[in-house]
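What follows is chain A paired twice: with chain B in the first complex and chain C in the second.
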Partner chain A sequence: MTQKIVIDPVTRIEGHLAIEVEVENGKVKNAWSKGTMFRGLEALLRGKDPRDASYVTDRVCGVCSASHQWASALALDDAFGSDVPDGGRLIRNLILGAQWLHDHPLHFYHLSALDYIDIMAVAQYKGSDPGLNAVKGKIMKLVQVKDTAPLTPRYEPDEFSVTDPEIVTAAVAHYLKALEIQAKAKRMGALLGGKMPHNAAIVVGGVTAYPDMQILSQYRSLLNEVVDFVENVYVKDVLMFGTGPLLPLAAAGIGASAGHYLSYGGFPNSAGNKDLLYPAGVIFDNKTDQVERVNYDLIKEYVGYSWYDDGPGRHPLEGETAVNRDKEKGYSFIKAPRYVGRAMEVGPLARMMVAKPEAFMKLINSGVKPGAVARHAARAVETLVITKQIYRWLDEVTEQVASGKCRIHDTDTWEVPENATGAGLNEAPRGALGHWINIRNKKIENYQLVVPSTWNLSPRDDKGVPGPVEQALIGTPVPDVNNPLNVVRIVRSFDPCISCAVHIIEPDSNRILEFMVG
Partner chain B sequence: MAVKNKVLVLGVGNSILSDEGLGVHLAKRLQGEEFPDNVEIMDGGTRGLELLSYMDDVAKLIIIDCVKAGAEPGSIFRFEPDKVDVIPREYKISFHDLGIYDFIQLATLLETLPPTVIFGMEPKEIDWGEELSAPVTAKMDKLKALVTDEIVLSLKEIGAEPCKELIN
Partner chain C sequence: MKLCGAVTAAFSLPAGFKRDIAYATEQAIKKPPVIWLEGQDCAGCSESLLSSLNPSAEELILETLSIRYHETIMAGTGMVAEHAREETIKEGGYIVVVEGSIPKADDRFCEIGGKSFREIVMETAENAALVIGVGSCASYGAGIVGTTPSEGGGVAEFVKNKPVVLLPTCPVKPSRLVSTIMYYLSTGKVPELDRYKRPVAFYSELLHDNCPRRGQFEKGNFLTDWNDPRQREYCLLLKGCKGPRTYTDCAQVWWNDGANFCINAGAPCAGCTQPEFYAAFSPLYDKQEIFNIGPARSINLDSVGAALTGAAAAGALAHGLGRVIFEKKDSQDQDEDMREAL
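Let's turn to the complex of A and B:
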């Protein structure tokens, strides 16, 4: 018998991501990822001064806004012919580096960990550690008042869930600590961003805020705290889970996509775009030892199953967005981007497959197969990779500021070109992020974004080939259709960002009407 | 511990999604007004948990957001977060969208949430655009007046002197 499960996760926005899976004989037989994204954003940008693009696209996402700002500035750098000086490049790296240190631990502790641990095991903690007992007290207090919302996953623990009270209680303690740390990491970005919370620093040609020694030293002291947490808590936890209690899930490769990986590369270590911290590359069919060069002209978006007027696959720069809700085959507002016709997974796993740092290869060699757990591990390893490099960037910029030789902006190219096109290809925490701009008569003629979640959550393409998340779900064991924990684990392991910053309050009761004051 | 002596007015929402950004629009209008030094007006934009880092010295928090309650567009609400069940049932499964709910929940968990009042307005339109809809625009002066009154009240609550211009 085939049963359908619909996980419709986000109720607070107009357009949401829904995951629909068909389960037969305890396994996912078919999967559909349905979502809305960015429809109409290009209309908002058309006719604007191109320099505004980095400020507008910064508002696109509540979590990764600086990534959009950066990709947008890169597209403009390309169109304007800007030569971003070293200081500008380094400060961009430091603002975004802080964002990565923020995002990855947050994703693990606050969005994913609860899919893997049985939170109620905290009640069984019998140890004598005062810190852990305080955590236990806190959780039990919430349980008593029946207010465990932030900590309660929707589904019941299954055979893969971690139930050891010691491990679970420590994980919850780290969850709380991670909340403090994420705020510190965000503050680091804000220090160099000129304005907080939505920073205003990254513009075409470089950055706008010249740092002084005091700001750099504040950045460094926050960095020390954040790195200490990343190295000694976050990475250790992920590796302990991945190679310990979650090894069966990891070794089973639950949640693997088809094995096509794409990284645009990001974080230039030196001038130009060659020496990147995360290298660019393409891998097809799990052939991880054959990393090919990325040819950005080969990206095409298909709309066969998307709610747009039919047309051939188009490069983003030629992209059109004519909504058509009547299409019979249509099931998503997300277009289907493909690279040489392949559905590419983007994000930490893709980046680490391309870069192959030692710490990651060790895990792969110890039996962790590509899949949901490997995605978390890749995220942790690449966070470690960035913590090593971020000190070098900070040292360089500090030296430049100290000697009065820090240049942060290429002021010669501030004027808008009459007609130009530009591409900003970069890595956001969730994966390959591309912005494309077409300037005519000094105004934005067309602006297109292909965000990481468009790649990962894409619907079927014109040939009927499912997107990476859909592929990752097909074949997944779901022993109990009322408790599709593996489905949620897989979707979340991609760190999907679908609601892109809508943050309306939608109260759960009509009682709100009693509070009307005007 | 920092001294808690500040009134923080936090306008949140997405300013490129028309009425969704009404909190940000109001914050920007308030930023053009004179307030005592211990009143801070912040454009919180689409931030969620990041806002936790700004609570250290806050004695009173006033949040302005778009609230969808099924009332007439432009309706204004004033409530304290624990008085209304603002957390939708499906909250638990949100994949990665940490918004103002999460901020309130987690600040409560960390015991760092100052006394908080939320002002909300019912939207008409939530679609790409930088302009507010007509019914929301028409009520912005009223919302601004209500929030300003709240600031005056809050300053008294925390034992600070509101400046004369505010009372007038």
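Let's turn to the complex of A and C:
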């Protein structure tokens, strides 16, 4: 018997997403990912001063706001011919680094963990640890007055849920501590960017905040605290869960996509957006030892199953689409980007498959197959990778400020060019992020974004090939259709951001751009 | 008690109120039920609430509020989540927080659980005690989203039969939201609002009047090069600052628990508390030749000279300032002028 499950809304993600699955013999047979909200931000930018773009596109997403601002500034740098000075590059890296430090732990603890632990097991904690007993006390206080929102209601725990009171109580303690840590990481970003989320300091040519030693030292002291948590709590928790209670889920490779991975690369270690901390690359069909160069000409977006007027697959800058909610075949506001026709997974797992740091490969070799758990592990490993680098960037900028040689902005290229095009390609926490701009008569003629969740959460393309999340869901065990916990585990492992994913494409000039990375 | 102190300070309440608020908070056993609705949003206001260190996010989520529905943080999903919202509606007397705008072009541009966001807002507001629109999108719609093809509107355009408080900025400043809720709980009243339903306590003063760089403005020192350490504290007017048009306490109450604010980070104010945000304030990074507030109150620099010291006016002229309005006016008049001008 085939049964259909509709999960709408999928909570603990960013934006509005509905997931539909058909379950047959206890397994997902077919899946549909549906973006149910449309904003249309790009239209707002048409005819505006191009320098506004970094501020406005920062508002695409309130979680990874700085990533959009950065990608936009990179597109503008490209169009304006800006040569961002070292200080500007480093401060951008520090603002973005802080954002990653808030984003990844928040995803694990606050958006995902409740899918893996039976939080009510806290009541059974019998140990003598004063910290854990305090946590138990907090939760029991809620239970006593019968007001446990927002921790309940929930799906009921299943066979993969962790129920050991000791582990669960520690996880809840870390959930609460992580609330404080992510707020402190935001404060780090605010010290350099004005506020967080939606910082104000990244503009074309560099940044606006000339730092002083006091601000850098406040940043460093918060960094120490956040990194201590990342190294000693967050990463350890992910590894403990991944190789312990969740190993059956990990070893079964639950939630694997088709194995096509794409990374644009991000975080320049030297001038000219070069020497990237996370390298760029493409992998097809799980052939992880064959990493190919990214050719940005080969990206096309399809709308066959999206609520836009039909048209051929187009490169983002050639797009010509109008919203059409009445299209019968349509089932999502998200488009279907494809790279040489393949549905690419982007994000931490893709980045780590391309970069292959030793710590991650060890996990893969120890039986953690690509899938939902591996995505969490990749996220944790790349957080470690970036923390080490943030210290280097901070040291470099501190030295520049101390010697009075810090330059943060390319003021010579501040004026808007008459006509120009630009591309800004980098890595957001959720994956490969691209912004494209076309300037005509000093105004924005066209602005495009192809964001990580558009790749991951895409519906079927014109050939009927499902998107990465849809593919990842097929085959998932769902023993109880009223409690489809595995389905939401898989969806959330991609860290969906639907506000980012839904946007419209405006008619464009006939120009075709070639975008290549080194 | 820290929280109580913040609330009484925010609304300039007499000391006795601190006790009342403490009492109201002590009744925490009856934490106020909150339904937090997200429409055409970016979750930035939710993230901003979580950025609070004092009170802490933990205190807010577990001790201060009973968050029955909030898509970004709640455990429940799908039907389980929607059921929680429905049950709270039956209970009545809750606070509704709306984040993001409501599409007017087509109800189907924002649907959750198969229902349009407009319907969700209307049915949820029905049994609410108070509705709070957080952030510029829920306040004006006209914010970042309103001028797109989806025609997002603010919550006050839809909810007419309940008290509505709007807390614009992009994103919402968490202390404003918490203070507004605590004030309402302890007094049973909505704080005094201006014509845009913004609490007077946060939005009655012009940023320009309290700006730490006001002295530089008076001297005619305007920043032209972000690299120059000597210009670090200079006025950002030539970089497009909307401070002279923006009513907010940002200069006094900094973001992320006092870490910073836009101008202190060298970034011009974009005017995110105002109905003009964003489109009417574009270009953001260039001086607008004039803040267009109608001919009667337009003042060019020649007449500014009479009000300023001669040196300041000369300095401003030397920087090619063009015409600028800086006289302090009632925010309502000024907004009215802006509306007419638009």
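Everything that follows uses one rule, which is that the second predicted complex is superposed on the first by the 481 of 518 C-alpha atoms of A that agree within 3 Å, B and C clash if a C-alpha of one lies under 4 Å from a C-alpha of the other, contacts with A are read in each partner's own complex, and residues count from 1 in each chain.
Rule of thumb we're sticking to: a contact is a pair of C-beta atoms (placed from the backbone, for glycine too) under 8 Å apart; a residue touches a chain by one contact, two chains touch by 3 or more.
All values derive from a computational prediction rather than experimental measurement.
Trainee: Which partner does A:285 contact after superposing on A: first (chain B), second (chain C), both, neither?
Mentor: Neither: A:285 stays clear of chain B and chain C.
Trainee: If we overlay the two complexes on their shared chain A, which of chain B and chain C does A:496 touch? Say first, second, both or neither.
Mentor: Touch status of A:496: first partner only.
Trainee: Once the structures are superposed on A, label A:107 by its partner contacts, choosing first (chain B), second (chain C), both or neither.
Mentor: first
Trainee: Which of the two partners, first being chain B and second being chain C, lies in contact with A:44: first, second, both, or neither?
Mentor: Both partners, chain B and chain C.
Trainee: Output check: A:488 vs chain B and chain C. Expected answer is one of first, second, both, neither. What do you get?
Mentor: In the superposition, A:488 contacts both chain B and chain C.
Trainee: Going by the contact rule set out at the top, does A:395 touch chain B (first), chain C (second), both, or neither?
Mentor: Neither: A:395 stays clear of chain B and chain C.
Trainee: Based on the superposed arrangement, let me know which partner A:228 touches: chain B (first), chain C (second), both, or neither?
Mentor: neither
Trainee: Please tell me which partner, chain B or chain C, touches more residues of chain A.
Mentor: Per-residue touch count on chain A favours C.
Trainee: With the two structures laid over each other on chain A, which partner does A:186 touch: chain B (first), chain C (second), both, or neither?
Mentor: In the superposition, A:186 touches chain B and chain C alike.
Trainee: Check chain A for residues that touch chain B in one structure and chain C in the other, and list them.
Mentor: On chain A, the overlap between the chain B and chain C contacts is residues 7-14, 39-41, 43-44, 56, 59-63, 65, 106, 110-111, 138, 142, 149-150, 152-154, 176, 179-180, 182-184, 186-187, 197-198, 488, 499, 504.
Trainee: Which bits of chain C are touching chain A when the two form their complex?
Mentor: 29, 31, 33, 38-48, 50-53, 56-58, 61-62, 66-78, 80-84, 103, 106, 108-114, 117, 144-145, 147-150, 152, 170-171, 224-227, 229, 232, 239, 255-257, 259-267, 270, 278-279, 282-286
Trainee: Tell me, which parts of chain A touch chain C in their complex?
Mentor: Per the touch definition, chain A meets chain C at residues 6-16, 18, 36-41, 43-44, 48-49, 51-52, 55-56, 59-63, 65, 85, 106, 110-111, 114, 119, 138, 142, 145, 147, 149-155, 176, 179-180, 182-184, 186-187, 190-201, 203, 206-210, 323, 325, 404, 407-409, 411, 488, 499, 504.
Trainee: Within their complex, state which residues of chain A touch chain B.
Mentor: Chain A residues touching chain B: 7-14, 17, 39-41, 43-44, 56, 59-63, 65, 102, 106-107, 110-111, 138, 142, 149-150, 152-154, 176, 179-180, 182-184, 186-187, 197-198, 488, 491-492, 495-499, 501-513, 515-518.
Trainee: Which part of chain B faces chain A closely enough to touch in the complex?
Mentor: 12-17, 20, 42-54, 65-71, 75-79, 83-102, 105-106, 109-110, 118, 120, 123, 126-130, 139, 142-143, 146
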